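Dumping the structure here so I can ask a few things about it.
Lettered A, B, C, D, E and F in written order, each chain numbered from 1.
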């Protein structure tokens, strides 16, 4: 159960600011599907507009990192933050952008290894080597 | 300050199991530099051997993900876990593997965006859409 | 599913220490409703007494912060810790203490923004400005 | 040590997009002081612009939550995320907006209590009561 | 719902590397039961082998810490990381190794107290006393 | 640097409620040393009294878990929460209660393993087996 209302298409269509974002999500993704995240965020049109604008800009195709790499990073962060919804939505997005099972398996291994060594380092309170200075 | 001793080269040379791992780190990385993480882990030769073997296998060059992508994922996890040492060491490693400033900038943006939307989703307790089913 | 038993009213009534806490919760909140958290904690009467005493003292109405502000802070922490139960219970409590949809929307935005800038700062490993010294 | 360069005023003045944001931060805050966060983010003008625009909008004075309450929420999230820099900068900001020692003390107590009950709930895996349904 | 397939016994039997691990889990635990974690990890035989080998070595009976203490530590970490599955599986394992209700109650109290004081320390940004130097 | 004042002995002696707690800490621990955590918490006498009373009760010697086991659990939680101060203070406490290097090494390994498998489980979103039901 959610702590906010999830907007239906009919409700979104009745509020121009929400409708404009939903229309742009559909156009950008070339799909009619609007996932629940946006239907919840619709309760706050300002946050909806700002979040979609930021996400569209950051995850856009023509950056220095390719779209699949960005999805893998997104999944990694979502795992470390324990966000089940985000793990599901970005794993689906990564598969949609071509992630293979072998790549998913390596992602899994790298995330696990990173969490393990993060913990080992923190338990031992290892100081940063001067060689790592930027 | 650490909670364990950081081993010097002289101390490592005196314990064959530790020396063997340090030698393999140097050979694999083609560098004499042994960073503090391994000098701390040397207190537990079994953990040292297991961790190095796992890391070497997982971060190896010839997988389904390229070495730089794995470093970016490692940084992302380390940020979400708040491990300062790991952020420094893997940012240095990513730069060593060719990460550009533009790529670092996009990594920064994706990590920030993921943490923000993770939090928005969690605040609203959004349910997973059935469309994301594996 | 839980890892401990959730106590029914009949079970609570049979143990004087548990009954005393449940009675005080009901009297303090002017409601018969005892939520599951307390029904789980009842397995450890000492922890039940201590936790209720602390919570009652900390969340009391006549402090330097008003009760609604305390609930908003509670939600924020629970989101960052990913505690679904606590997000639900304290969002309900905040609504009971007058939180409007507009306030909930701003809470959402502040939590999201804080998580994003926390991550940006951590990725860049920004040093504390001397101007922030207490 | 940082993983990115911290921009000096001279460097910022030489890049119009960065200068424009720094000028707006100074004008909005009525202070010449630019803290290190922005000096690090200056490496990515797009992220700098987007983050400042979002922060300015979200933390603005005339919302449904007052500015001090927003700072308290910001501190709470930063504590749960373990972001030392953000704890310092937003504690300073809260003091600048009138936070008293008594209010800081209650903030401390609420954050501590929330972290404790989050952990108790998670250990017991307590299910959400239907009464908390939105 | 999972992001990967959970392998059935029939599927596991058809892949020698997976079958070998499943057989060893059954032999080591003297039980036919293979829990879902291993059925998911079976998608990546290398990760399956490495993880089982590490877990078997670390959680083995004849170390410096007794098996029940290791399970309590495992639960504590899983709570702090918010891993519901791991809390359930290791609470069951701890009970299987003799954890009493009184011990579970004290574990609960220590985890809660640690999370509270961790948060208090972090809010106040307390510096490490030189007396704690290793 | 801290966000609150650290109280000196002279300052503590001048406030009876603070003095009483400091005296009891010294008597309970049979040591004159008061670590910085309590010197910071002294700013809020109510929180100081409540926290010391809870800690004393929870960490007391004669429970169902022995004092060293409780310290190991405390360290594990502090690592997962990334609380450097708490890792240092409770590692020192554990050593004071007899923790050997071999035990510290196993603690390290269990914490690392738990963080790794927590992450693997979360990435795969593994459902809880019905066999783990309490």
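Note that contacts are C-beta pairs under 8 Å (C-beta built on N, C-alpha and C of every residue); 3 or more make two chains touch, one makes a residue touch a chain.
For clarity, every value in this text was computed on a predicted model and none was experimentally measured.
Between the contact lists of chain A and chain E, the overlap consists of B, C, D, F.
Under the contact definition stated at the top, the chains bordering both chain A and chain F are B, C, D, E.
In summary, the interface at C-F recurs among the listed pairs A-F, A-E or A-D; the equivalent pair, sharing over half of its contacts by residue number, is A-D. When each chain is reduced to the average of its Cα atoms, B sits farthest from chain C.
Between chain A and chain D the CA-based rotation angle works out to 180°, given as a multiple of 5. Mean C-alpha position of chain E lies 21 Å from that of chain F. With centres taken as mean Cα positions, chain C sits 27 Å from chain A. Touching of two or more other chains is recorded for residues 1-4, 46-47, 51, 54, 77, 79-84, 87-88, 91, 105, 107-109, 111-120, 122-125, 128, 132, 134 of chain B.
Taken as a graph of touching chains, this assembly is fully connected, with contact between every pair of chains.
Touching chain A in their complex are the following residues of chain D: 1-5, 46, 50, 54, 57, 128, 132-134. Interface of chain C with chain E (complex): residues 1, 3-4, 43-44, 46-47, 51, 77, 81-83. Across the interface of their complex, chain D is touched by residues 75, 79-80, 82, 84, 87-88, 107-108, 111-120, 122-125 of chain E.
On the side of chain B, the complex with chain D involves touching residues 82, 87-88, 91, 101, 104-105, 108-109, 112, 119. For chain B in complex with chain A, the touching residues are 1-4, 6, 33, 35-37, 40-41, 47, 51, 54-55, 58-59, 63-65, 69-70, 72-74, 76-81, 83-86, 88-89, 91-92, 100, 102-103, 105-107, 109-111, 113-129, 131-132, 134.
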